[in-house]
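Sharing a structure here in structure tokens format.
Going by the order they are written in, the chains are A, B and C; count residues from 1 in each one.
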Amino acid sequence: MGHFNHIIRLCVVLIAVVIGFFIVRGFFVPKSFGTYGSYQYGYHRGDSDAEQENMYALYQGTEKCAKCHEKLIKDSRAGGHAAVACEACHGFWQAHNKNTKDTVPRDTTVESCMSCHEKVTGRPDFLPQINSFAQHMKDQEEAFEPDLKCIDCHNPHVPL
Amino acid sequence: MLEAVTQGFLYPNEVEVLWSLLIVLYPYITGLVAGAFIVSSLYHVFGREELKPVARFALVAAFSFLLFACTPLLFHLGHPERAFNIMFTPKFTSAMSGFGYIYTFYLIIVALEIWFVFRPDMVRLAQESIGLKKLFYSVLSLGVFDVSEKALHLDHKITTFLAAVGIPSACVLHGYVGFLFGSLKSNPWWSTPLMPVIFLMSAIVSGIAVLIVSYAIIMKLRGKTVDSACMQSLCGYLWGFFIVDVTLELLELLSMGYEGEESWSAISQLIGGRLQFSYVVLQLIVCSTIPMVMLGIVSLWKLKESTRNTLGIISSVLLLIQVLAMRWNVVVGGQLFSKSLRGFTSYMPSFLGREGLLVALILFAMPFVTMYIINRILPYWEKE
Amino acid sequence: MCLCKRRGSMYGLIRTRVFTRDNDMNADRRKFIKQTGWTLLGSGILVSVGSFFPAAGRAMQKGSSHELYGFIVNTHRCIGCGKCVQACKTENHVPEEFFRTWVERYIITADDTVYVDSPHGAVHGFKDTEVKGNIEKSFFVPKLCNHCTEANCVQVCPVGATYTTKEGVVLVDEKHCVGCGYCVQACPYGARYIHPERRTADKCTWCYHRVKKGLMPACVVVCPVEARLFGSLKDPESRVARILREERIGVLKPETGNSPKTFYVGLDKEVR
């Protein structure tokens, strides 16, 4: 009896450590941390949702371009590029937003058109494809000139 | 990490191996902890008297390795400053979340056991020294100098209790790592229910092996001989645990090969290719058969002491390599093939860098330095 | 209560102090002190431990007033131009060596050999193949995070950094992630990576910041052939819901039990 003073002191130290941990924890865990829905899939810091939502969106979609370029887009609905978004070739809208006098990128090179229309193994048949620019000119029985581009014959907004 | 050499098709995000050398080192170190602690508990709980010469050393070894067990992880984490999130907001559906609490709990258990075992020495040193040293030892013994027979009897009971609680804790500390890998359905090389048990058995093997090697080296340095009965017993336990370990490892391989699931074609190519040296040559052939035979001879025949010690030490070194190879093959091997099962990559750790070879070597050496420092503070070898 | 060296214990101190002539009153006082002490200690522990468990009171929003999103990939239509990969990289500032979305090309020859490639994730499209032999069929398969209903990447996050929103989108809280990489290992589809600068886990978010504003994900916007579609699984008249009802649909690795919400039209048996 009475030979456990060292054990009492040890217990006091341990309990102090445990309580200390929980107090420290209270300072570090964000208030919005909790279970939203199920514990397995919804345990997270609640504020994260709003933070992710409020991130800046670069691409805006064709509807946004239509606000100023309505006629151009309406016309394009008649052609082969009806389903192709403006931003697919012209880059994201926000680049244009800062100053509408700055034009969006307009890549009029053959390579730009070939990125979709070159005949590459794996491309489905519904897509019009050509082997090469030179071959295409030959097939069309047109003279091949080095400076010639696709857009010299095809309107990029309303192609065939 | 040096540039990876790929073959076949991998998902674009898979080219770089994410869990590197340090993640191979972490289960290796916790494995040494588990094995050393089991040896210590064999004496403190199960009363294997022949292990008394290494019992205290085993406990200190377990504690030293445990102190540094978390360091490879801290070096690996993308945000080590947020490491406490694992204890502040653990998500218990994840095996990894157990790490914080299991590790802390087990660290406290081992620290407490050391405190109780060394309390008479702490009290004696507090009473014998003067000045700052006296203060240090007094604080260490919490200001209580009661070493009467009743107090020591109580201490002994508590030590037994702690050692008993420590055994399942050690098993969980290492078993959860095995479960972490074994429960991952996305990786067919890792996914098996046997993984926690394989990890645990090989952990015990490596722990006993490191004790044998360290004991032999330290005795040599101190100019003393190893205790014969102790060495014989250690070799016997080593052989026993290794038999279980290698059986499970082979069973896992056999099972995978026999079932021949879709992943088997990729895994067999992995084993025959990138893992050929570390898995087939090191883990399965050289570092398994030689120790198996040697330890069998040691356990079944009565040998001359020097022969027995030599065989025991060589086997232990080979087994330390075997267990390290096993960790490498599991952790790195599982990342060398694509989840598309169509391609392979390679991994070679760099020497410098946060996850390089140098860091790994230093972290592995630190527990041995710690054991030396602890010996200076609280000598744990018998004075003769 | 100071630690009295002479008596050697706190307990001893209490004993000497209260051992006076008037035992009964001091026995009561001692009892009171003990009880108060234990109560304070117990409450302290309870309050600290209680603050630990996740706020169980925060239930999901009432009713099913929130959306549920789904994604459709049509492998019959994909032309492998790589515009989706470029748009995603631009919109989400994806590092150069990793991919939130990518396109794979499958080429199957007459002798049943399968060739799969994805040159730099197809960010610059594909070049013509060097595969010799009689090509029987070839097609493109865009890949992205499947936003599984029972995502095992969410299950294995040890700190609650990755989670599923009420709309079914799987996100990563980059302020809380410790970068352990367990979710990257867990994902059966290779959709995740560790961001080299932020050193946290990262992946496709279905452009959560866009869809919450009523826009389409960037990859869906720029796809010239409508191989990628995004919409509501709840609204039966949405394009995605109609296709799910009318077409033959597949998902990647159904055996994982993850229940992905990215559905494939025209999923070939060779696609992993």
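Here, contacts are C-beta pairs under 8 Å (C-beta built on N, C-alpha and C of every residue); 3 or more make two chains touch, one makes a residue touch a chain.
Worth saying up front: this structure is predicted, and the values here are computed from it rather than measured.
Peer 1: Looking at mean CA positions, which chain is nearest the middle of everything shown?
Peer 2: Of the chains present, the most centrally placed is C.
Peer 1: For this structure, which two chains have more C-beta pairs in contact than any other pair?
Peer 2: Top of the contact-pair ranking: A-C.
Peer 1: Going by average Cα coordinates, which chain is farthest removed from chain B?
Peer 2: So the farthest one, by centre of C-alpha atoms, is A.
Peer 1: Would you mind pulling out the distance in Å between where the CA atoms of chain A average out and where those of chain C do?
Peer 2: The mean C-alpha positions of chain A and chain C differ by 18 Å.
Peer 1: What whole-number Å value describes the gap between the mean CA coordinates of chain B and chain C?
Peer 2: Whole-Å distance between the two chain centres: 32.
Peer 1: So how far apart, in whole Å, are chain A and chain B when each is placed at the average of its C-alpha atoms?
Peer 2: 46
Peer 1: Multi-chain contacts in chain C: which residues touch at least two other chains?
Peer 2: 8-9, 155, 160-161, 176
Peer 1: Enumerate the residues of chain B that touch no fewer than two other chains.
Peer 2: Counting only residues that touch two or more other chains, chain B contributes 89, 91, 93, 143-144, 146.
Peer 1: Would you mind listing the residues of chain A that make contact with two or more other chains?
Peer 2: 5, 25, 33, 39-40, 43
Peer 1: For the complex, which residues does chain B have touching chain A?
Peer 2: 84, 87-89, 91, 93, 108, 112, 115, 119, 141-144, 146, 148, 150-151, 154, 158
Peer 1: Considering only the defined contacts, which chain B positions touch chain C in the complex?
Peer 2: Touch residues, chain B against chain C: 9-15, 18-19, 73, 76-80, 82-83, 85-86, 89-91, 93-97, 99, 143-144, 146, 180, 184-187, 335, 338-342.
Peer 1: Give every residue of chain A touching chain C within the complex, in rising order.
Peer 2: Going by the criterion above, the answer is residues 2, 5, 8, 15, 18-19, 22-23, 25-26, 30, 33-37, 39-46, 48-49, 51-62, 81, 83-85, 87-88, 91-92, 115-116, 119-124, 126-127.
Peer 1: Please name which positions on chain C make contact with chain A in the complex.
Peer 2: Chain C reaches chain A through residues 8-11, 41, 44-45, 48-49, 51-52, 54-56, 58-60, 76-83, 87, 90-91, 105-107, 124-129, 131, 135, 138-140, 150-151, 154-155, 160-166, 171, 173, 175-176, 205, 207-210, 212-213, 215-216, 218, 221-226.
Peer 1: Please output the residues of chain A touching chain B within their complex, sorted ascending.
Peer 2: Residues of chain A touching chain B: 3-7, 9-10, 13-14, 21, 25, 28-29, 33, 39-40, 43.
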